[in-house]
């Protein structure tokens, strides 16, 4: 039985870099991977962008209503080569149904799925995709990054003029509609709210 | 900064045993622990019961509306000795607010908190307490057990006459109102539904 | 392919309790486990003793020159039931050859092996068994306990009259020939040597 | 107390990429890191080379007899900025003394040290540096890669004409003096020895 992995981390923990590295590890072995990115993340369109400077086009830009398992099967038919691994970027934006499809791909179709994503939004609440991944993934693996204070960052603060924002829409894309900073629990809890 | 740990596992993975062992490790060092159990788990009342045969009374039987941080402070005042660690049994039954209180105890009061609990209910949905713990805990640590097929069990099936039940109340206490079996994802997905 | 697991921890981290819990989890499923203990640990003879108060007799008391795979095969023939899991207590005392046999049991015979043991001796050097386990185990899993200062203990200090001892035989059984204390790295490095 | 981390993995598991990502995470925060590489790895000289295409010059090319803690202190004096983290590439080639110095940097000087390296040589025996790291590191974290068969690779086979080589010098640099392939335990154990 193959497994569904959720590698979660705060923003800027190197998730896309790690995903591109896994793809590279398979392809060096002449094994085929399929790269998926949620269309909800409009930044970079269908590009998987690592902050280290490596970029690559997703094979599937997955829309909220789309069936991941069907999309994958279609891809599979096109090519003569079996899929060895499915990698998902920005997996917090999957719908719960798409996560269940990812589980079925691993468990019933025998293809390991590694989903990379953020655990929680700017109010420390899970995104629909990350919530479902934390419920059903075989393995939850943390990717670490640091807070301004040097501790491990676990939350993603949305930044306002002079502090952090605690109300608003769940999805506002980083660098386009809002600015974010990964913080440790203490810095997050003790931060001043932004001026209105 | 102390941390909030969530040690999750399917039913019968040895969570209560592990919790009693951690308590023992601290007390052997003459360090004080406080044992908390959610009152929602009516089985055994205020007893923390390990299937290995070890049993111990909880210091705090926590009710849904109760403030964990306040309850702890009260305990602390009673005794001359600082609390070195807080241990929580059946933590899936905490309210989200109580989990936030546990985070504050770790981050703001400097006392490590280790919460032991089940990840998901019989329909593979998180309990309110486990959902909040998966959102905010510093560390998610899996406790393993096995499925009937020998694979790792990750789901908790509610058993009916001839199969598994997929509809009903979220909370039905094991051995009192319902019977459960920890299953791997494949055995869970492929199981026949119970006869109505 | 089954795996060889090494669950290591400082002294008094609850390794024997965890091992007895794993045995219980299998047996509750009517699956058969074989419990192995190294004969080098003379404390308790063939008893696996948990500090929580649970005790059980080992199925195989393994002598340094003995072939683990052969001993297991002999056990297997005696019974009509397949072995679902092999559990090893005090695995730091295995010979490197016995660890290689444990790897073969997992990889070639398809039986998962979980070895529980101490990582290093009183001078922070690996035991022969733990060294080989750290080289070849599929998974290294830490079992935690605490230092007198509250930090995580990773070393095992041998105690003398007024401090810790840094010279002597590698194997001196706890409570019989020597006394030990699990310490964090800082407390270990900064400790006064014992008076001669 | 800061910690010493050992992130180990078979060859081509993405260790250098992960190290450069950690450096990036700190520097984005305007925190200073020092990159160390063992001089025993002559490939790329003082360059830290990621197979994803990212390359960077090491701050310290560490020679076998050199004192890491002294080399770091010297670096520290040169600059007005404190060191937030020390990162070590090819850490399997450190001497045991240098690993002890890395532990002292973490524990006594308060600077976290993350060492990246291979666990074992082509005969599945630890390198001196990785052995000492497995003895004393606070945290052992595996970096995964895959075998030709799709399983997790844990061993590094040295390749000969028609099979794998099981005798020879421990250190022969990849791509210069020898060729290697990361294999799972089964593929390694079952492989034909190379023709002499």
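First chain written, first letter: the chains are A, B, C and D, and each begins at residue 1.
Note that a residue touches a chain if its C-beta (ideal position, glycine included) is under 8 Å from a C-beta of that chain, and two chains touch if they have at least 3 such contacts.
From a predicted model like this one, the values you see are computed outputs, not experimental measurements.
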| item | value |
| --- | --- |
| Label of the chain whose CA centroid is most distant from the centroid of subunit B | D |
| Between subunit C and subunit A, distance of the C-alpha-averaged centres to the nearest whole Å | 38 |
| Whole-Å gap between the CA centroids of subunit A and subunit B | 27 |
| Numbers and ranges of subunit A residues touching at least 2 other chains | none |
| Arrangement of touching chains [line / ring / star / complete / other] | ring |
| Interfacial residue positions of subunit A with respect to subunit D in the complex | 12-14, 17-18, 20-22, 24-26, 28-29, 31, 50-54, 84, 145-146, 148, 150 |
| Subunit D partner contacts - residues on subunit C that touch it in the complex | 1, 4, 103-104, 106-108, 119-120, 124-126, 131, 134-136, 138-140, 142, 151-152, 154-155, 184-186, 189 |
